[in-house]
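Next, two complexes with chain A in common: one pairs it with chain B, the other with chain C.
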Partner chain A sequence: MSDAARSIPMATPRRAGSAMTWLWVLGLVLAIALPWCFYDFAKARHSGFMISMFSQAGMMIIFALSYNMLMGQAGLLSFCHAVFFGFGGYVVIHALTGASNGSFPIPMELMPLAGGLAGLILAIIFGYMATKQRATAFAMITLGIGELMATAALMFQHFFGGEGGITSDRMIDRSLFGLSYAQSIEVYYLIVFWTMVSVIGMYFLTQTPLGRMANACRDNFERAQFVGYDPKIVRFIQFALSGLFAGMGGALYAIAYEIVTFDSMAGPLSANALLMAYIGGTTVFGGPILGAVLITVLQSGVSLLSNSWLVYVGVLFITMVTFVPEGLAGIIMAHGPIRKAGKLGKLAVPYVRILVPGFILVLGFVALVELVSFQTIGAAQGKKLVLFGNPIDIASNIPWAVAIGGLIIGGIWLRFESIVFGRVWDEITAELKRAEART
Partner chain B sequence: MSGQAVSLCDVRKNFGATEIIRGVTLNIAQGERHAIIGPNGAGKTTLFNLISGRFPITSGEIALNDTRIDTMPPHQINRMGLSRSFQITSIFHKLTVFENLRCGLLWSMGYRYSFWSPLWRQKALNEKAEFLMEDLNLASRANTPAGLLSYAEQRALEIGMTIAGGASVILLDEPTAGMSNTETDYAMDLIRRVTQGKTLLMVEHDMKVVFDLADTVTVLVYGQVIASGPPVTVRASRAVQEAYLGALEE
Partner chain C sequence: MEIILVSLLNGLVYGMLLFMLASGLTLIFSMMGVLNFAHASIYMIGAYLAFEVSRWFGFLPALILAPILCGAIGAAIEIWGLRRVHHNGHIAELLFTFGLVFIVQRGVQMIWGMLPMPYRVPSYLDFPLFTLYGANFPAYRGFMLLISAGMLLAIWLLLKKTRVGLIIQAALTHPNMVSSLGHNVPMVFTGVFAGGCGLAGLAGVIGGNYLTTESSMADAMGPIVFVVVVFGGLGSLAGCFIASIIMGMIQTFAVVFDYTIADMFSPLFKVPEMDTLLGEILTVPMSRIGPLLPYALMILILLVRPRGLLGTRDT
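And now, the complex of A and B:
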C-alpha cells in the first residue's frame, strides 16, 4: 500500500478526533465550574435552584445517552426505558436505607453501581423477551413492559411504596472520603463524576465489536447474519447494557431527591428519553447530551415562567422531527466541512436573515399560547399577564392582533428567507464537493 | 457424495401452494467455479436463499463439506464457511467503507460479541481491513459512508464483504448486474482474484461472464436442473438452447 493512499483517508478523522477531545474536556470543565458561576458570595451559599437543575441535567444525560444506545445505535425504538431508570432508583432507595441501618454496608460513592446492577438484571429479563423481535414488534413489546412495570409499581407496595413512592435519607454516614452529602453541591459532584464515567463507558462501547455490530444490525440486520452474527444476540446484549446505564442514572436520581415514585418508571419519562435523544440528535454520539440539557433547562427554567412549557417542548419536538431529523448535533456536524474549508463566514448574513423572522415567528407563537393560557388556566389561578412590568389586558384585541400578526408575518418571511438560506447552503456544499473532486 | 463442497439432494421449496424449487440435486466439488443460469423466475435466487439459510427448505437435504446445514440459521451457516452476496446490494449504508469491511472480518477473527476490546487497538483486524480495501480499489473511499458510493463501488464492496470472513464457499448472486462493460470486466477480474482457491457458486445473466469464469454450468428452468456440465457441453445441448440460449440468440 502506498503511503499517500493510506495517509489521505486516515489523517482526517484523527485531526477531527483531537478537536472533539477538547470539546469533551471543555464540557467537563464547564460541568465542574458552572455551580460557582451562580454562587452567592454575599451570603456564601450556592443557588439551590441552579444546583438542582444541573444535577437533573447530569442524570438526564446518562438516561438519554443510554436510550440512544438503543434508538440511535441499534435502531430500536423502546418505550420502556424509564423502567430501568426507575428500578435502579427504587433499589438505591432501599440500599440507602440498608446502608444506614447496617444491613447493606456500601459507601455512598458506590451506590450508582447498585442501581446499575439492578437496571442490568431487569434489562436482562425484559431484554430476553423484547429483543427476539425488532422494529414494530419490538416497540410493541417494550410498550407492554412499560405499562406492566408502571402497574406493578402501584400494586407491590412493599417494594415500590404505591403512589406515594418510597423515601430514604442519603446521610448514611458511609463515605470513601468522609463526606456527609448534607449539601447538594457534594451530591452534584458525585453526579458529575458518575455522569463522566457513564459517558466514557458508553462511548467506549460504541468503539467495540458489539457496538459496531449494533450499528450494522441497525443498517441491515440481514447482512449482519451473513457475516456470522446473530442480530438477536447483538440486540440482547446492547439492550442489557443500556439498562445498566439507565439504572445508574436512576441511582443518581434516588440519591439527589431521596424519593422515588412510580412516575420515575412510567410512560412519560420513557417518552422524555425519546424526546431528549431525538431533539439532541441520535446520529451523533454526543447528540442526546445536548437534548438532555435543553429539555432539562426548559423543564426547570421555562416551567417557572409559563404554565404551557409542555406545549413548547411538544412543538419543538414536532419541528425537529419535521425539519431537522438529524437533531441539534446533526445541524452542528453539518457545519464541520464548511468550517474546515473556512467558509463559515459566508453563512453569517444568511443566518442573521433567517434568525430575525424566526424570532418574530417564535414571539408571535409564544404570545398566542400565553394569551390563550391566561384566559383559561391563568384566570383560574387568578394570575395576570405582565410584560416588562406592564400588565396586559387579555380581553382587548390589540395583544391578540399583535400575536397573530407576528405569527403570520414571521411565518411568511421565514419561509422566504429559508429558501434564500437553502440556496446559499447548496452553493457552498456544491463548491466543497467540486473542490473535493479536484483533489 | 463425500468430498463435495456443497451438495443438494432433491431440494424442494414451496411458497404456499406454488412449488418454486422442484427437486434440485446438485454437487459442487471443492475449488470448483460453478455458474447457475436460467431464465427469469427459474428459481436461481431462491436456490441461493435456500443454500445460505435465508429461507427454510420444504424437503430434501443440503450439505456443506458433508455437514447438513438445511436446518441452520444463516449466521451459523456463515460461520461454517459459506458466504454470499446479494443481487440487490446489501451493505451497511451508514457505516463507512472501512467499517463495513471490518464488520465482515469481525466474527472470523474471533471477536464474537466482545464489548471489552476497543476496535482501534486491534492492529491485525485494522490492517486486514485496509488490505482488503486496497484489494477492492476502495482505499480512497475509506471514510465514505457506504450508502454514498457509486453503484459499481457498492458492488465491489458487496463482493469484499462476502469474501472478508475467509469463507471457503462463496455464493455470488448476479455480481455484475447493472454494470457497464468496463465495470463488468473489472468486476470479473476482481472476482477471479479474490476467490482464488475457493469454491465459487454464482448466479449470472451475462453469458460472457459465465463462459469466462465458470468450470461448470448448471441450467435451472422452472425450479429443475435441465443440464449441468462444462460450459461448452451445456452450450451445445439442445434442451438448453431451446429453453434458454435460443431465446437470447433470436
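And now, the complex of A and C:
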C-alpha cells in the first residue's frame, strides 16, 4: 500500500461566514417544515410514508457524517461502521424495555445518549484493536470486526435476539415534555433535534485541534509524527467519537422502528455508509448529508418501483469513483469561484448540451436493466412492465432496440459533448487563474 | 478417530478450494496493491458460467471455458476500469471493485433469477471413491483435490521455472525496479489480474456444484477469502497456502466438535447456569462458534503480527 493519501484539504470555512450560517438555518427550517408539505388536510393526518422517509434520512445523516469522520477526515476506510449503529440500537431497545418496567428510568428525549454511550464503549474496545493500523490493514481489521459482530448477533439470542431481532415499545410514559411519542411526527421532531445536535457537534469537532490533526494524519502521518503527535492516538480518539455518533443514530433507529435486527449491524449497512459518504462527497463537511438524503430518497422511491436498485447504486458509485472522486458536494464547491467571478452564465449552454445526451444515456440504461430484470425476477413475481400506463411486451424486439439504441447513441453523443464541456470549463478556470495572478 | 480422518479430508478439500480463490487475490493484492473486492463475485460468475456451459456442452468444456471467460472479464475490468482510477490511488481502486460487487450480485440475479441453479456434479464423477470407516468419500471431492493440486503445481512451475514467473515474482516485491528495468509492468498487471480472475473462475466451476450455485455464494465466500489472504501475509503464496488449509480445517473441525467453553472449565469447577449474555457465551457449542473463528483469528494475527503468517511486508 503506497501513501497515495489524497491531499485535498477539508473545505475551510474561514470566509464562509454568513453564507454558511444561512445554509444551517435553511436546513433546520426545511427539516421542520417538510412534513407539513405532505400534510393531508382533508383527512387531517400526516403522510406516513413521507414521515418515515424523512426520519430515515435524519438517522442516515448522522450515520453518514460519523462515517466521514473516519473516511473523509482521517482517511480511514472502515467496513464495520454499522456495528456501532446497530449496537446503539440494541442497547436502546433494551433501555426502552427497562424504562417501561422501571429498571432504567430515563426520559425518552435522552435515550439517544444511552445509544451514543454504547457506541462509544464498543468503539473504544474495537478502536483499540483497529487503530493500531492504518490504510489497508485497518480496512481489513474492520472488515473482520464487522463480520465477527454480525455473526455474533445471529448467534447470541439473549442480547441480540437472533434472526428475529428484538422489539420493544417506545410508549414508555417518561418524557421531559409530557409527550407520549404515540405519533410518528413526535418521533420525527425528536430525530430532527438529535440530528441537529449531532451535526453541529461533528462540525465543531472538525474545528478542534483533534479534527485538524486527523486531517494531518490522513495526509501525511509521518510528518504529523515529527510534529509530536501520535497518529495512533489521533486515529483512536477519532474512531471512538465516530462510534459515539453512530450509536446515537442507531438509538434513533430503535426509537423510530421499535425493532432492531441483525441487519442493522451487518455488512450491507456498513457498505451503505460508505456509499452515502462517497457519493455525497467526503472532502466537504456537508457532502455526506447530501449523500445520505439522496440515497435515502432514492432508496425509498426507486426500490418501490424497481427490483434493480442495487445495480443503479453500484453503477452510480462506480461512475463517481471513476469520474468524480470528490463527490457531489465537490462538484458544487468547484462552482464557487466561477460564481464569484460572475461567469456561471457561460456554463449554462454547455450544461444543457451535456444533460440532453446524458438523459438519453441514463434512460437507455434504465430501460435495458428493467427489461432484463423483468425477464427473470419480475416474471417470478408475476409482474408486468408498465410504462406511462402502457403495458410493454418484453418479448418483442422493439423495446430492446430502443433501449440499446438509446444507450449507444447517448453514450457516443455524451462523449462528444463532454469534450466540448471540458474545453469551456478549462477556459473559464484558466481565465480565473490569470485574473488571480494579475491581482 | 474416523471423525478426525474424514474431517481432515473434507478440510483439505475446502482448504484447497479456498486456496484457489485466495492465491489469485493475494497475487493481485501484493503486486498491484489492489484489494479486489469483486474476487468472490468473479468466483460466482465462474459458477454460473460453468452451469450455463455444462448445460449445452457438458462439464469438461465448462472446466476449460468458464475460467477463460472469467479471465477475459478480469482483463476487461483491469484495462477499462482499474487503470482509469489508478491515478486516484489504491483506495479508489478498492472502491471501484467494491462497486462491482453490487452490480455483479444484482446482475446475476437479473440474468439467472433468484433461485439456486440446478448445477450438479456430472454423473461420471458421482460415485463413492472409497469407503472410510463406513463413510463414503465421493469421487468428486477426489477430483476437486486433483484439480487443485494440479493448479498448485502449475502455479509453482509458472512462478519458479519460467521467465514470466521471474518477472511476476520480481514485480511482487519490487514493482518500481521491475518497471525501471524496462518490463511492461501494466501488462504484467493485466496478466496477473486476468490470471487471478481465471483461478477464481476455476474455483467457481468446481465449487459451484460442490456447494450451491446461487446469488449469495459470493457473499458467503468473500470475507473468508480476505481472511485467508491477510492471515497468510502479503506477497507470500506459501503463507496463503498454509492459511487456506488452516481455515479449511477450522471450518470443518468446528462443525464436528460439540464442546462449549463451559465444558472446558468443567474439570476445574462447575460453571453455574446463567440467563445472561455471559452465560450464553459460555454455553454456546463449538459447532455454532465455528463461523466466528476465522475473523477472530484474523484480528488476532493482525494485532500481533501485522504482516501476517509468512508475509514479507506490512499490509
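Convention: the second predicted complex is superposed on the first by the 424 of 439 C-alpha atoms of A that agree within 3 Å, B and C clash if a C-alpha of one lies under 4 Å from a C-alpha of the other, contacts with A are read in each partner's own complex, and residues count from 1 in each chain.
By our rule, contacts are C-beta pairs under 8 Å (C-beta built on N, C-alpha and C of every residue); 3 or more make two chains touch, one makes a residue touch a chain.
These numbers were taken from a predicted model, which means no experiment stands behind them.
Enquirer: On the A-aligned overlay, A:F204 touches which partner chain: chain B = first, chain C = second, or both, or neither?
Expert: In the superposed model, A:F204 contacts chain B only, not chain C.
Enquirer: Under the stated touch criterion, which partner chain does A:V260 make contact with: chain B (first), chain C (second), both, or neither?
Expert: The answer is neither, since A:V260 touches no partner chain.
Enquirer: So, does A:L77 touch the first partner chain B, the second partner chain C, both, or neither?
Expert: In the superposed model, A:L77 contacts chain C only, not chain B.
Enquirer: Could you look at A:G314 and tell me whether it touches chain B, chain C, both or neither (first, second, both, neither)?
Expert: So A:G314 only meets chain C here.
Enquirer: Of chain B and chain C, which one contacts the greater number of residues in chain A?
Expert: Per-residue touch count on chain A favours C.
Enquirer: Would you sort A:D219 into first (chain B), second (chain C), both or neither based on which partner it touches?
Expert: The first partner, chain B, only.
Enquirer: Of the two partner chains, chain B (first) and chain C (second), which one does A:I377 touch, if any: first, second, both, or neither?
Expert: second
Enquirer: Quick one: is A:G144 in contact with chain B, with chain C, with both, or with neither? Answer first, second, both or neither.
Expert: Only chain C; A:G144 stays clear of chain B.
Enquirer: Which residues form the common part of the chain A surface touched by chain B and by chain C?
Expert: In chain A, residues 1, 5-6 are touched by chain B and also by chain C.
Enquirer: What does chain C use to touch chain A in their complex?
Expert: Within the complex, chain C contacts chain A at residues 33, 35, 81, 84-85, 88-92, 94-96, 98-103, 105-107, 109-115, 219, 223, 226-227, 230, 275-277, 279-281, 284, 288-289, 291-292, 295-296, 298-299, 302-303, 306, 314-315.
Enquirer: Across the complex, what residues on chain A touch chain B?
Expert: For this pair, the touching residues of chain A are 1, 5-6, 8-10, 12-13, 204-205, 207-213, 215-216, 218-220, 222-230, 233-234, 237, 241, 283.
Enquirer: Of all residues in chain B, which touch chain A in the complex?
Expert: Result: residues 52, 54, 73-75, 78-79, 83-84, 86, 90-95, 98-99, 102-104, 106-108, 111-120, 130-131, 134, 139-143, 161-162, 164-165 of chain B touch chain A.
Enquirer: Mind pulling up the chain A residues that touch chain C in the complex?
Expert: Its residues touching chain C are 1-2, 4-6, 77, 129, 132-133, 135-137, 139-141, 143-145, 147-148, 151-152, 155-159, 267, 271, 274, 278, 307-311, 313-315, 317-318, 321-322, 325, 369, 372-373, 375-377, 380.
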